[in-house]
Amino acid sequence: MERPERVILEEKGAAGSLRHTAVSHIGFSVPDVGAAEKFYTRVLGLVRHAEIDNGVRLGWGTGHHVVDLIQGEKKLAYYGFEVRDENGIAGIRERLLAAGHKVMDLDASFITSPVGGVEGVSVVDPDGTEIHFHSQVQRQGENAADTGRRPIKFQHTTLGSGDVARMVSFYTEVIGFRISDQLHDGNFCWLRSDKDHHTLAVVFVGKGGDIDHYSYDLAEWEDFKAWCDRLTELDVPVAWGPGRHGPGNNLFVFFDDPAGNHIELSAEMEKFYDDRVTYVPRRWEPTPVSVNLWGGQLPSWRKVSG
Amino acid sequence: MERPERVILEEKGAAGSLRHTAVSHIGFSVPDVGAAEKFYTRVLGLVRHAEIDNGVRLGWGTGHHVVDLIQGEKKLAYYGFEVRDENGIAGIRERLLAAGHKVMDLDASFITSPVGGVEGVSVVDPDGTEIHFHSQVQRQGENAADTGRRPIKFQHTTLGSGDVARMVSFYTEVIGFRISDQLHDGNFCWLRSDKDHHTLAVVFVGKGGDIDHYSYDLAEWEDFKAWCDRLTELDVPVAWGPGRHGPGNNLFVFFDDPAGNHIELSAEMEKFYDDRVTYVPRRWEPTPVSVNLWGGQLPSWRKVSG
Amino acid sequence: MERPERVILEEKGAAGSLRHTAVSHIGFSVPDVGAAEKFYTRVLGLVRHAEIDNGVRLGWGTGHHVVDLIQGEKKLAYYGFEVRDENGIAGIRERLLAAGHKVMDLDASFITSPVGGVEGVSVVDPDGTEIHFHSQVQRQGENAADTGRRPIKFQHTTLGSGDVARMVSFYTEVIGFRISDQLHDGNFCWLRSDKDHHTLAVVFVGKGGDIDHYSYDLAEWEDFKAWCDRLTELDVPVAWGPGRHGPGNNLFVFFDDPAGNHIELSAEMEKFYDDRVTYVPRRWEPTPVSVNLWGGQLPSWRKVSG
Amino acid sequence: MERPERVILEEKGAAGSLRHTAVSHIGFSVPDVGAAEKFYTRVLGLVRHAEIDNGVRLGWGTGHHVVDLIQGEKKLAYYGFEVRDENGIAGIRERLLAAGHKVMDLDASFITSPVGGVEGVSVVDPDGTEIHFHSQVQRQGENAADTGRRPIKFQHTTLGSGDVARMVSFYTEVIGFRISDQLHDGNFCWLRSDKDHHTLAVVFVGKGGDIDHYSYDLAEWEDFKAWCDRLTELDVPVAWGPGRHGPGNNLFVFFDDPAGNHIELSAEMEKFYDDRVTYVPRRWEPTPVSVNLWGGQLPSWRKVSG
Amino acid sequence: MERPERVILEEKGAAGSLRHTAVSHIGFSVPDVGAAEKFYTRVLGLVRHAEIDNGVRLGWGTGHHVVDLIQGEKKLAYYGFEVRDENGIAGIRERLLAAGHKVMDLDASFITSPVGGVEGVSVVDPDGTEIHFHSQVQRQGENAADTGRRPIKFQHTTLGSGDVARMVSFYTEVIGFRISDQLHDGNFCWLRSDKDHHTLAVVFVGKGGDIDHYSYDLAEWEDFKAWCDRLTELDVPVAWGPGRHGPGNNLFVFFDDPAGNHIELSAEMEKFYDDRVTYVPRRWEPTPVSVNLWGGQLPSWRKVSG
Amino acid sequence: MERPERVILEEKGAAGSLRHTAVSHIGFSVPDVGAAEKFYTRVLGLVRHAEIDNGVRLGWGTGHHVVDLIQGEKKLAYYGFEVRDENGIAGIRERLLAAGHKVMDLDASFITSPVGGVEGVSVVDPDGTEIHFHSQVQRQGENAADTGRRPIKFQHTTLGSGDVARMVSFYTEVIGFRISDQLHDGNFCWLRSDKDHHTLAVVFVGKGGDIDHYSYDLAEWEDFKAWCDRLTELDVPVAWGPGRHGPGNNLFVFFDDPAGNHIELSAEMEKFYDDRVTYVPRRWEPTPVSVNLWGGQLPSWRKVSG
């Protein structure tokens, strides 16, 4: 796998337009919907909200849904963001059109449990995956749980890509995200759209169209022991961690779903206060101790040096 | 604002008749129901249980409702108590009639998720606000949540009043509450109706008809950091605290809803065991260190020393 | 009450066939269903899922139900297990038939919130009580709660019996459970069917047909203070503990429901990993310090030293 | 054992003169000093500060000592208080002389690690035991420890007595303590001399001259599990608890030293703020649920209901 | 008090030379050494290590000392840093001489409990206060304590100054610190010399020669309740907080020593990893919500918005 | 490296004679004593207790010492146990002599801070390393610390060996330890001498004469985050973990000292109660998920599956 030349990723254009935007749902194409549903309900505590075409829609039992599982070969079907910025959807639509992208109205069936007016757009990202941007939804389900047993929210998506710079340019200049951190070699970039260090990240994996991993929040470190013990009880092996990331400073542990999607559990992510402080994106050395501050062990699927 | 002469508030009459009675719901008239609903659902984790006349009814998603938001100018519309004392409602009705108050049957629509028989009375308090007393309701929704993210219950109402002694006399002699604490100058009185130090308080603010503040319980001190960080993330500034009250010994932090209602989050409130110990109400010096044991900072709206 | 001769209980036959099987529901015949329902909803946070013949069905609000309360004299009506082992139900049926037991198909109404196919058998245990074995059900409701306020799951049933050896033989040789621990005198035996030290126990009490006690899990020691304080607030006295059991190493506290059923709250139970380690059942001295490692106080209803 | 008539214990005379006074050391006569020293160093983490006549002096390794162990039959040899009140020692001396007591200068060897001037008096209490009152000493050793492994301070002494009213009268009217709580029958009284609910208590046991028990503070509930497990590891059985007292609201657990002295570990004791609030002593029913709010189990040596 | 024009503080020269350097001790001139010693030993748990000229030297009981108290009018006498960087002292000496400063060998009596070779220099800072830089010392005393009762280390010094830019230039260009954060108006600057966000800060207060405040670390948020309660017990009022700073992201609470020095207790300070990431100093708006992220209350002595 | 045939290790002879015996100190020969001392004092919080021949003696500052560092090539110099069993030392001496071992009186200089009589023997283990067995010592220093910053005790030694069966036979049949767990292939064996699952372990590494690793206890899981963050702050990388061992069920994390000794931090180790329960040693599959229950990552130096 050939890696690109060193690239300094820059914030330009609309960067910073979005400050109250966060991931809301994600759709996976998986080879065995039944096995995946059993996993997500038993292990992560999700519940079936609805049946959808060729699949099922899962969520926290109340409020907006979280995961769609659709029969097919393993890939990312689509990923969504809730935009609570004032005139946020309108601004995204306008900037996308100005940049020559094709914009569709988002099918209202994706906006479950709305609060106030319902509004949404759909666009294809530079790697060819469908993105959903939509207005405010109910999210109380996120926290209605024992934090030792169920994640408290879906927190970020990390996309694999064949062209990190192109994806970052799209998300900063057109959509309105900002860069929080990047690796010096330009192969990994963490983007924010609210006070969290990142709600989206992009990493070079040779080609686009699937996630590298995606992540749920736990409430605190104490929960990591409960979760590792619980995964063991459920015969799900830990793949990486516990550890602490450099970019975002968040605690992490990783394991896989039956389709092979890497799932992260995370806590203590760094916050950004763009309303009161001026930041310049940091650049990290592409070494294992950047990705895990505590020590150099990497999971089997990740290379950060060389 | 002229303050009354020093008054020693006394327990007489029916004081102590109620020992299993607690706040259950509260109705606010607010100028912007939509903004208030967005706040209560996003910040406090309440969900819409129903639409009501000119407003919405919010609760914990299951069991009895908590907050009614009704279109109008900012004021307290009504406040309610669940009475689990044996023959509690009948006793209240009887004592109110004996004292010459006009008593109405409570509209059953206010008693959502009853357990066992449904019974309720409505009366107007000496300051002119409607009170609801009703029989047992389902309250499991109170605790079905991550305590770091959602309050665990609605715990007390503090009424502003122009005549504290009159209100206290009504609640102790007629309704059956007891006095736990008071300020020496008679301008603040904390009343109990179960094992909690207070489920109701009355403070002199010049005139009646609105709350001074109202309060939700958190589970423990650890949650105060999670809440202050979360309020910051949601752009809601802390108005007072964290601190610890003298009367009740409870930890506290305050912030405002969009209508300007002061909301308290509280924990570690002192308990009273009237079935096994004889108490005499305490009297506190009306100084800032009584209201915050840790130090003298007061919020902008509170004066305790004349 | 005469006690049997010393008996060494042994694992034979099918022992170890079940490794993903756990208690799922329990049915009590109680003299006052209304009082019992008020207790279980207010104290344990259960909610009414349905009305059933002569009674009510309670659960965590979502997923499989937990407790059936049926009008009648106090006794155990039936108890159930969720079997997630591959071909688990088929194997149980086959072994029961081979051993000459009468096997019925379980009425599907007992399998609420199934996941995947619905399958179940019913059999009468050697002491004459009906047992339910059924396929996978939704159990997310188990953990959707503040662990300080509501147990996180129904964890084990301890049967009183007049013939411990016969019951243990039935559960190990025919059904497929394993022995984790026993008292040296054979009067108490703890059986496992998944990674928990026990999901079922049997104790000699002179005759069978009722529980000795049954148990819910709390998340951690911290919750024991919250629960003891909360029980006190609700006028429910603690009957035994807090303490720590020898067999299972679990923390415990006991109290009674209105029908006189002993309820245990438990945490930190020892785990067994039969897929990677070979165990031999341990044998404990029948002394108070075996039953409570911390010290010799026993509850009024328990005798462990002959 | 005959118990006295019902007595209402009252605060008179000098009551409230002392507000910054706390227990400092205690001297036991024990039959086996070697065994007692092994116990106190291994179990409680005390270290030998010095050899004294016929015994050893133990403390936290730095600052003022805590326990003197003196060869002899089991009894209380003396008990001491650090008086930080301005002119505290002078006031006590003056009031004792005015009341006709014989007052001695305290031997300076008892005031180890003084801060500022050294001053002390010794007097015999109405039950015949020697009391030490002395000026400020270093107490940093109290908290220099892992709170899960070592108590954080010596907190109170509870004297057994044959005449509770006489002892209470001495301590309130002459010495200057206040009454925080009492049992209705006058057989138990809790006295304060700083912000803690009690630093001294007196209970009717038929005759005076020995402790009923004495108590060390733990930092929090979490430590009670660590301590019960650790006592078990060290073959020291728990005699009572964990539980929560009514008077003082403190969590507790009890065990014995080799001489048979009952030792309490305690946390969360109620605080009193006499500088800003007026209290009236409470009176508790002499029932088990007063002494343990959680439930009625009492230790073998205690009777609270006549 | 006139404030300077807006100044952007820049890193130049030696900035970043020091990466293993931290505050070690501080010397205060105070009007009443006896009162100050009583305060620091009783409230902060320090112990007297030695008597010095006109004063006392306090520390954690073992290892390097922390606070010198010297009789005189209130001011900062000197402040010290432990330099663990390789050739750190030599480099500082060389750069100071090259920049024309007068450098003295540090009196070895200031380097208590050294580890390895003893080396130190003394210089006068641009505001006229003596600074000590010295080689490695024993610091185990820092952590040998219950974190709820005693701070775990002396963490930073914040100097008041009349010329912030001059002080920052001295510390970055000559000494070798780096800038972590600053206010946009140049009136406050936070400097780092190891992985902590700051070990030194400088704030404009009109003139130099004294601290603005200085700070000790607590282990975690849980300790803030224990400390606020403990300060209340010791009659020391909280002056500001609890809250969370923007620059450094650390939790804080403030109170005063008897000489009027503001003392901060702090936890959760942001870490910097200069060995693996490139940072650009952030610039904060000079508003109250920068200094306390949770809300706008400021202490009486602080103005951040012009 | 050739591994031995499968061996079932058995308990015979004196096994179980010791029940109150635990590791006390360990002596390392290291190439750079100065670097090792800096590491142990800064990272682990040990302090220098004394200088010894060619080295230094470190401990917790009070009580018995823990680590001797002696100039030389990296190897284990000796390791010691405190024997608190009645007549423990005499019994060991007698059994060693009966088995034909050469027994020396232990040099009294190794028994620092004794309690009661001083007694000790020295013997060479089958792999040629010197062992110390000695009578009771002061160990209060073990717990006098913030558990988040300093381990709370030295807990076990794991010896590398070329003949595990021979070492186990020596320790069980002659010395009096018991087997708690072993790998099925006989290459790893965990031995107990008090209530802890193991105080000594032996693992096949090809040849004897050095440790495989040694271990300190932390108080709880919460401390693992504090320690990983603290190691990172001190530039010490984590080599393995955090994870949870199968045998012993203890949480763990590993890192190296400057001489290359592997150091483990551990918590939650399983307890054995030989006074009340009969155990049979368990046998684990020699697979990665036995050594880390949470998942299969192993450190670079360990192979468990042939």
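Per-chain numbering from 1; labels A, B, C, D, E and F assigned in written order.
The rule is simple: contacts are C-beta pairs under 8 Å (C-beta built on N, C-alpha and C of every residue); 3 or more make two chains touch, one makes a residue touch a chain.
In UniProt terms, the chains line up like this: A, B, C, D, E, F = VOC family protein.
This structure is a prediction, so every number in the text was calculated from the model and none was measured.
**Student:** Identify the chains in contact with subunit B as well as subunit C, in label order.
**Tutor:** A, D
**Student:** Same or different: do the copies subunit A and subunit B touch each other through matching residue numbers, with over half of them shared?
**Tutor:** different
**Student:** Quick check on the interfaces: B-C is repeated by which of E-F, A-E or C-D, going by over half of contact pairs matching?
**Tutor:** Most of the contact pairs in B-C are shared with E-F.
**Student:** Taking only the C-alpha atoms, how many degrees of rotation bring subunit D onto subunit E, rounded to the nearest 5?
**Tutor:** 120
**Student:** Compute the distance, rounded to whole Å, between the mean C-alpha positions of subunit C and subunit F.
**Tutor:** Averaging C-alpha atoms per chain gives centres 40 Å apart.
**Student:** At what distance in angstrom does the C-alpha mean of subunit E lie from that of subunit C?
**Tutor:** One centre to the other, that is 59 Å.
**Student:** Could you say which residues in subunit B touch two or more other chains, in rising order?
**Tutor:** Correct list: 144-146, 229, 271, 289, 293.
**Student:** State which pairs of chains touch, listing all of them.
**Tutor:** All chain pairs meeting the touch criterion are A-B, A-C, A-E, A-F, B-C, B-D, B-E, C-D, C-F, D-E, D-F, E-F.
**Student:** Where on subunit F is subunit C touching in the complex?
**Tutor:** Of all residues in subunit F, those touching subunit C are 184, 246, 249, 270-271, 273, 276-280, 282-285, 287, 289-290, 293.
**Student:** If we count contacts the way the header does, which residues on subunit F are in touch with subunit D in the complex?
**Tutor:** My answer: residues 62-63, 115-116, 136, 138-140, 142-147, 152, 195, 219-220, 271.
**Student:** If we count contacts the way the header does, which residues on subunit B are in touch with subunit E in the complex?
**Tutor:** That would be residues 221-222, 225, 228-229, 231-232, 237-240, 242-244, 251, 289, 293-297 of subunit B.
**Student:** Considering the complex alone, what residue numbers of subunit F touch subunit E?
**Tutor:** Where subunit F meets subunit E, its residues are 34, 37-38, 41-42, 45-47, 61, 144-146, 148-150, 226, 229, 233.
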